[in-house]
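In the two complexes below, chain A is the common chain; its partner is chain B in one and chain C in the other.
Our next item is the complex of A and B:
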């Protein structure tokens, strides 16, 4: 119980500091407040993008380089649903998630399963090949042009106390937080989630208590892919995307994971928001052209200087 | 093997007197660029076992330095050597990346080369996104380029051969196979990893400089493209990492494949990706590994089936062709217990 209280007080303290900082910004420098808010809203999406990757990496110890391309696939699918059938991207998420889940399950079943026990390089190489295959498929199906979704309400704003917030960004952020909470519930409360956790902790012991460990791998990979699709279809509303943007996405997701250090979902959310703020403030200070380089640099610096991340323990 | 290499080299040197088709020259030059890149990637990726994704950064650094220095008035060969040394310097500068292991090393080096690409895109001094145009050199014909490319490639292959056969190569392989054991025997892993990276970067920078002469126009998205990493990697894995012949065979097959499928456009990329996945799963030791396994089978009369081959083919081979059940891709015998190895093998980084 004590630990719970400590955690509660800690998070309350953080929340109060953040609110105070935002209020100060509101009165001192409104421009920066907008930049920071933009970072916070994007941060939720970053956390969602990182979630699937963190799940696969945590359970299977496989670095899925194709995660970013799966996100792009989700974006293209919602683009398709919108232009062909006029389904709103926030609704077609319900269709995109199962499709990506099946795809991820199949990829693990047919490809990753064969190399999961070999040396550390081989899964990465298979994932890299998968990335190339997906990118070329996107180019065949949707051409290399950058695409973006323009919804009827893309320009709509929420106005709170004189602050204007883009409606689509706000909804995307809320949905991604909902997605994060859903996965937390699945992982901690359901039998399958607990089995996956058991496999990630000790493969042998999980086998001994009768868990089908291979199937758990397949499920974990499928869930990871499903969340990639989820994040991708939310991203399609906000950013323009093209077949090759997968690499930038996956590096951003990795930057979030490395920043968070531990696999805890609250850590991922905070790290996502921190990365979003660093990126948008950095882009404002040194120029928008460097925006992608900032997340790469954050990733590299954290990895080299503080490899245990913000919330991890040195071990 | 050496005699075959000498014969090929002789044929390539004599060829311009008999064949005067521009396409042939172009083909051989492109082939030489990829062979050099693959062989140099193999030093660090195949022998030292560090899956380096910053190869495009070395290539691009060589290309840019050469182009800038040539525009500044240096002689071509001087500019090219300076480019190679700049790449080697860059390799020394990214030494901290060796603190990372396995997948993290892949990502660290990959993000480094992406950072370099973005910086070059936004940096005025090097021409930014519009790139650098080089003056067309009147004294060079395509035959000159051809000879330079062949000489550079031969130099790289021979130098790599001497490095790999000597004490350095032994140290590289020791680190690849077991870093802790190598360290316990007095091999400093960091030192030898850096040496391997510097050598690899030197050759990549050299051929990068040649590339900028040949194309006469470079821009960041091209010179620092991920493909300068991906293609050597593909060629090396296809041919067989950690062998001398592997990368060369792989590069020849790659260039041949792309020339054959050039009319297909994006489809050729798709085929490439599928072949990469298939090779990694079915023949992790590459074509050279497959050939030596075949030769071993012929010599001993023992038939084995590669692990990773789909189960239905495997069972068909075992039932109807009396193929042995255990494969010998890896000589370590404890890999038989497939499912129980994961916990131990994967926790090393």
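Our next item is the complex of A and C:
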């Protein structure tokens, strides 16, 4: 209980600091406030993108390089649902999530499971191969042209106290946070979540208490893929994407995880928001074309100067 | 209840167990003693299904279990307190116990078994919200036993329950094991031959992967060869 209170107070303090900073910006430099707000909104999405990757890495110790391509797949599926059937991406996401879950489950069951017991780098190579296969598949199905979704309300804005906020970005951010909270609940409050945690802490011990550890791997990989698809659907509404966008996505997700330094969900949210803000402020100063380079720089600087991340422990 | 017949187990190309056969009857407390690298842990790992034998059979209540994975064996009523305890250090005592009752059959009796475990180990009840990694060695061993009991076993496997514990705690753990035997059949492997001979009804001696002696504890304690080799007298 004490730990819970401490955490609550800590997050409240952070929230208050952020609000105060935003209020100061509002009066001092309105331009920057917009940039920072944009960063905050996109940060939620970054955290969501990082979540599935962190889950798979934490449980299976596999760096799933195909995670970004699974996000792109989610984006293409949304694109398909919208252009073929006119289903709004914020609604079709409830279809994309189970599709990607099944796909992830199947990939683990038929592919990863066969190599997971070999050496540590083999699953990574399989993931890399998977990324290449997915990219080729996207090229085949949807051509190499960049795609983007233009919704009837893409230009709509929310106006709060004289501030204009993009509606789609706002909704995407809210849905991201909802997704993050849902996963936190699944992991901490359900039997399956506990079992997945047990497997990640000690594989052999988990088997010994009667957990089917391989099945938990399949579920974890499925959930990871589902959340990749979730993030991809939301991204399709905001950014243009193409078959090879996956690598940039996975690197950005990795930057969030490295910055957070732990797979804990609250840490990922804050790291996502911090990266979002750094990126958009940086883009404003040195130019929008350098956005991805900025997250790379953050990634490298964190590894160099504070390898344990914001919330991780050294060693 | 448990019957192991001509078991041959390998790690890759290296044979660890040679033609091992033994039996555990219902309500017995059987000890397997042997020095380091005698194959004790390998034997328990094979019974629980973590390893599979190259030849030979393991039957539990008449079922062949030698090719089942651990979660199936646990479901049938065999449960293990592994070497080095293997708790989930970042989960609380209560969460560790709850995970012990993961199988379907154990989940039905979860409340009943939890009360029983807290009755046997009152210290665990006091510390149920504490993280398992912060417990003392003796408490961790109690938690490991409690977690295994939550699986509602009819056969309990104990892998070196005295390992890494202070002598006074070892005595306490062994008297608890003796008490547990009133509820559940126990197969224990142990390096501490003196203590094992004291609590067990029957003993097998494992040397370099082979069973070299077996007998009632009272007999073996009197045997000169055993006294020299294992009891240091």
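In the analysis below, the second predicted complex is superposed on the first by the 314 of 315 C-alpha atoms of A that agree within 3 Å, B and C clash if a C-alpha of one lies under 4 Å from a C-alpha of the other, contacts with A are read in each partner's own complex, and residues count from 1 in each chain.
Here is the rule we use: contacts are C-beta pairs under 8 Å (C-beta built on N, C-alpha and C of every residue); 3 or more make two chains touch, one makes a residue touch a chain.
Bear in mind the structure is a predicted one, so any value in this text is a computation, not a measurement.
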{"item": "Which of chain B and chain C A:83 touches, first, second, both or neither", "value": "neither"}
{"item": "Touching partner for A:247 - first (chain B), second (chain C), both, neither", "value": "first"}
{"item": "Partner chain in contact with A:194 - chain B first, chain C second, else both or neither", "value": "second"}
{"item": "First, second, both or neither for A:207, with chain B first and chain C second", "value": "both"}
{"item": "First, second, both or neither for A:6, with chain B first and chain C second", "value": "neither"}
{"item": "Touched partner set for A:154, first chain B, second chain C, both or neither", "value": "neither"}
{"item": "Contacts of A:137 with chain B and chain C, given as first, second, both or neither", "value": "first"}
{"item": "Touched partner set for A:129, first chain B, second chain C, both or neither", "value": "first"}
{"item": "Chain A residues touched by each partner, larger count belonging to chain B or chain C", "value": "B"}
{"item": "Which of chain B and chain C A:17 touches, first, second, both or neither", "value": "neither"}
{"item": "Overlapping contact positions on chain A, where the chain C interface meets the chain B interface", "value": "202, 204, 207, 213"}
{"item": "Chain A - residues contacting chain C, complex", "value": "1, 191, 194-195, 197-198, 201-202, 204-213"}
{"item": "Complex contacts: residues of chain C adjacent to chain A", "value": "48, 50, 69-71, 74-75, 79-80, 82, 86-91, 95, 98-100, 102-103, 106, 129, 147, 151"}
{"item": "Touch list for chain B against partner chain A, complex", "value": "51, 96-97, 99-100, 102-104, 106-108, 110-112, 114-115, 118-119, 121-122, 226, 230, 233, 237, 266-267, 269-270, 272-274, 276-277, 280-281, 284, 308, 335, 338-343, 345-349"}
{"item": "Chain B-touching residues of chain A, taken from the complex the two chains share", "value": "61, 63, 111, 114-122, 124-126, 128-133, 135-137, 139-140, 202-204, 207, 213-214, 247-248, 251, 254, 287, 289-290, 292-293, 296-297, 299-300, 303-304, 307"}
